[in-house]
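Some structures to go through are shown next.
Both complexes shown next keep chain A, but they swap its partner, so chain B is in the first and chain C is in the second.
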Partner chain A sequence: MAHFTKATGVKDWLNQRLAVETVEKVMMSEYWIPKNINFLWAMGMVLVVTFVLLLVSGIFLLMYYVPTVDEAFYSVNYTIMREVDFGWLWRHVHGVAASVVFLVIYIHMFTGIYYGSYKKGREMIWISGMLLFVAFSAEAFSGYMLPWGQMSYWAGMVITNLFAGGSLHADGLVEWIRGDYVPAQAFLGRFFMLHVLLLPLAIVGLIGLHFAALRIPHVNNQDGEEIDFDVESKKYLDGNKAESKVMRFANDFMSKDMMVVGIFLIFFFYLVFWNYSFALDPVNFDPADGLKTPAHIYPEWYFLWSYEILRPFNIDLGLVLFGFAQVIFVFLPFLDRSPNTCPANRRGTMFKVWFWLMLSNMIVLTAMGKLPPEGIFSTIGLVAAILFVVQWLALPFITSREKKV
Partner chain B sequence: MENNSRRGFMGKAFGAVAAVGAVGSLVAMKKSWDPLPSVKAAGFTTLDMTTYQEGVMVTEKWRGKPIFVLKKSAEVMENEKGNPAAEARNIKIGDDNFMVAIGLCTHLGCIPAFRPAENDFLCACHGGMFDASGLVTKVPPPRGFDIPPFKIDGTNLILGEVGPEWQSMKDNGVTL
Partner chain C sequence: MKNKEPIILIVVIFFSLVTYYLVEPFAHGVMHKHVDSENFQYNDLPALTKTGNVANGQELIINAGCVGCHSMEKAGMPAPMDPVMAAQSYGVNPPDLSEAGAVYDAKFLAELIKNPAHALKVEHKFDESKGEMHPMVPFYGMGGDIDQEVADMVAYLQDLAVSPDEVTPAMAFENACGRCHAVGYENWTQIGTKPSFKHEKDSLAFDIKVMEYEESLTKYMGKLPPDLSIYIRSRSEDFLRTFIENPQNHLAGTAMPRVGVTADAADKVLEYMKDSGDTKRHEREEIGKMVMIYIVIFAIFAFLWKKQVWRDLH
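So, the complex of A and B:
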């Protein structure tokens, strides 16, 4: 048996049993972060904080929400909004956070693409991050079903129909996913389960994987410089802090991180208190009606770009390209053939143009996805969708011709 | 060495037990998500076809889905002449002619709106259009409205039951 001595205090008692000091070093004070970073490196912590906001507000909503087709709508719009003291706060925090979390995810993603943070040993960070994006998308969609309003119902109808696979007519699969011919009680029940248990579990697991994937390659920096963390951390610990290229995760980096988090939270609660309506679609304040489609069905803003890739084509081609758009980002580390790990602007004209064009094109796709599919908007959407696909197909050729910087 | 092979055997034995259990539980999980017997049993609707007026589109409900019923006027029938695709979809009950179809766009399942003035259907989701016989006039929908399984019983139409008229539509590829 291991040898224990009489503890000199609470910390020593815990240390003997849980090695808290070692854990603290490994996780915090001797987890090294490069100094050469900017506020965009705080997006990870902003996402953690937003996830916690979603979790806490979700716990309070869960206590009053009733997952049945007869009561779901009223439990949200009457019980939670009118009866529960501060019920409106949990709902608005949950709704706004669900929207804002995607904004921060997109910033986080494009920061990664810009600085090449998916290259040379950091592939698993990128892949686990994209898996998180998928899990968050599923979580957002399943949550959107729960108020059982018109948009919930019709988004559920349209998205589950995607699984029929166009001309494959896998209607049996669609009915199996719904547990009915149309979205009904079985559907609401299972999406409720997915939203409050299975998907959050998957997200927590993936967050663990995402953090673990950072440990060995470490965080990237503004120049994509390869840092010898052993050498630099030794300098720091020997008291040569100014010369060292790294700093402690806690409290050095955390103090900057939390500064950004603080600014973010002011913006966030400004939205929650004064401008929450963007996250609550007016159409969803009508109870679900299977015999009436709303005049315009569109997803939340964060899904618009991929929706716009589905829309201009016939169903089979649309589905293929939509599927392509959903998975292609995962393969970025392998499609980028260039040896350079540095900001997009320093990688030569080709990739520089590719990056900024991709970013602007996704904004164009998002805007077109919101507009009705008529006239000039149809054409712009079609061109943008084709451009998106062409850009990804061209990426390996562009990057393999890139010169070493 | 002996120990190793024993451990190897135990590992394989456990693997076999676990595999059987995994397959069994997957079957149970799959079956638990199937539509319930009560859901399947409620899948029949009877319509009295004498109650409809010409040119007035009525939406009925079958298996939770909207069913478009449109009694066609002589003018519509005249337009359909010489168009075998439209004629094949016609449902004749007594002397009356009907378009009966599942009122969901075959693209992604939105309900297209009937426009009485134009006598056609427009889907707001992705801009698909259908004519009064239920045929596509503008993509993205890949095919005309699906026709629900039906059986003609005098002047009644029983949705959910397969009659000879529907079977021949299905066999001829008129509907899915």
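So, the complex of A and C:
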């Protein structure tokens, strides 16, 4: 057992028991961050802030939401929107944050791909990040069910139908997931539980893993340069702050984090108060009606690219490629065979083209996923979906032929 | 080293905006039909050529038998039947005419009196040649100049009603929409605002009356017209405005009649729908401004803090 002495003060008392000073150093003042980074490295903090906004607004909504098929719509649109003081504000914050969090996740992801931040010991950062993406997707989908509007109901119908596996006709599995033949009370109750308990727990756990995965390899920098953190941090601590290639996480980088968060929040609250309908789909303000299919059924914007990979093919091939699209990003660190860790633009023409084409093509897929699958749109969607798959299949070959720069 | 942050920011904003444009304005433009508004001019209807005489109009309205179906509470003429029985007889409760002159367009009223199915744009449903008569009997004239007689009746209705700027949102909605559409969040039913009853039994009795009314209405319209509580959120304001102006433009063949409101009354109807479905819009504006001021101040302090901390780093 450790030896405890009479504490000289509160800090010492805590130090003996919790090692607060060591923790502070490990997490904040001696958590070294390269100086050679830009504002894109603040997206992690932006995500933390957005997650906190989601959590806090969600707690307030949970106080009044009623998870039954008869009351859910009313509790959201009447009780929360009209009766509860600032209920409308919490709902708009929650809905807009749920959408914006994906925008930031995508920026964060493509930043990682562009700078090669999944390579050389940073594989676990990437993998845990992709697991977070999956958990956030499930969280977003389950939350979308809760207002029990037309889009909740029909999105629930369409997505759970996918589990029938096309020609496999695993209808029993679909019924097992729904707890009924159609989305109904059992379905709503289950997704409510997932949304407010199981998935948030998983997300919090994965955030812990994501941060832990970052601690040993440290964050990447704009040039993918390998930095000797021991040498550079010593320079800093010896007073050569300007000469050192690293800085403290707190307060050095955190001050920049907060600046970016400030700018982000201006944008975020502009959306919350003046431009929210992109995140709160008008169709979902009609109550769920199992006898009336909406004219257009589409998922929220952040799922559109993978939806469009499902849609242009026959059901079996569509499902296979959809499954491929869901998991393929996780394997990026192993599919990229290149020895280079540096920005995509400096890795030679092949990868440069691959990166910008992947980004543009996912935007094309996103747009086509929303548009009705008719005429030219379905042709563009088909080509874009095939291109997406081909790009991923080609990645190992492109990157293994890449020259060391 | 060169500062690349501005160009990076431009790249991020560019791709975000392209995505936003494609999935929002562009996709919705493709999915939803664009309908131009005529600003409630009702250009398809003939203009009124005669100047009406109020006193003649009053006499005509009584003699022509309007009050056999319509009430005019303001002129001391009660409804001949209660709403439930009226709906059983006509499909929908004929409106009280007290404020009709202020809510509806004069050209529309004139055409409605002469040829209801045409004014209401429901001729696809009520085809005279097939013996499908609109429940409102057209006015065939009292022997004089029919256009003069109609102008007189319209003049009387306008005289009886409040002046157009006194029309309230509830008045406009209840007259033009409220006999077919319930607005649960405002306690409005097709037979009037539901009072708060002391006894459960009375409340249920009222609900049964509403259900009976809705039964007749469903038969008449083909389906029960939807509750409009939050239609202002589920449909855009532009959609609602052009839909009210002429439902056929958006939904050809719909049983919903053109209701013939004036542009002002349409604004009032929309205001009523906002009060019901976007109740906190004024609060949202107010709080939005305060939050923005707060966040801008936060961002300025964050920027100054960053500048101070980073002074030593370079």
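What we mean here is this: the second predicted complex is superposed on the first by the 403 of 405 C-alpha atoms of A that agree within 3 Å, B and C clash if a C-alpha of one lies under 4 Å from a C-alpha of the other, contacts with A are read in each partner's own complex, and residues count from 1 in each chain.
Quick note on the criterion: a contact is a pair of C-beta atoms (placed from the backbone, for glycine too) under 8 Å apart; a residue touches a chain by one contact, two chains touch by 3 or more.
Because the structure is predicted, anything quoted here is derived from the model rather than measured.
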{"item": "First, second, both or neither for A:354, with chain B first and chain C second", "value": "neither"}
{"item": "Partner chain(s) touched by A:31 [first = chain B, second = chain C, both, neither]", "value": "neither"}
{"item": "Which superposed partner A:252 touches (first chain B, second chain C, both, neither)", "value": "second"}
{"item": "Touched partner set for A:157, first chain B, second chain C, both or neither", "value": "first"}
{"item": "Which of chain B and chain C A:322 touches, first, second, both or neither", "value": "neither"}
{"item": "Dominant contact partner of chain A by residue count, chain C or chain B", "value": "C"}
{"item": "Touched partner set for A:144, first chain B, second chain C, both or neither", "value": "neither"}
{"item": "Contacts of A:283 with chain B and chain C, given as first, second, both or neither", "value": "second"}
{"item": "Partner chain in contact with A:40 - chain B first, chain C second, else both or neither", "value": "second"}
{"item": "Touching partner for A:303 - first (chain B), second (chain C), both, neither", "value": "neither"}
{"item": "Shared contact residues on chain A - chain B and chain C", "value": "295-296, 372"}
{"item": "Parts of chain A lying in touch with chain B, wherever the complex brings them together", "value": "154, 157-158, 161-162, 166-167, 169, 171, 175-182, 184, 186, 190, 290-297, 311, 313-316, 318, 372-374, 378"}
{"item": "Chain C partner contacts - residues on chain A that touch it in the complex", "value": "35-36, 38-40, 77-78, 81-82, 86, 88-89, 92, 103, 107, 222, 241-242, 247, 251-252, 255-256, 258-259, 261-263, 265-266, 269-270, 272-274, 278, 280, 282-286, 295-296, 301, 304, 359, 363, 366-367, 370-372, 377"}
{"item": "Contact set on chain C toward chain A in their complex", "value": "1, 4-5, 8-9, 12, 15-16, 18-20, 22-24, 26-27, 30-31, 185, 229-231, 233-236, 277, 279-280, 283-285, 287-288, 291-292, 295-296, 298-303, 305-306, 308-310, 312-314"}
{"item": "Touching residues on chain B, where the partner in the complex is chain A", "value": "30, 33-36, 39, 43, 59, 61, 63-66, 107-113, 123-127, 139-142, 176"}
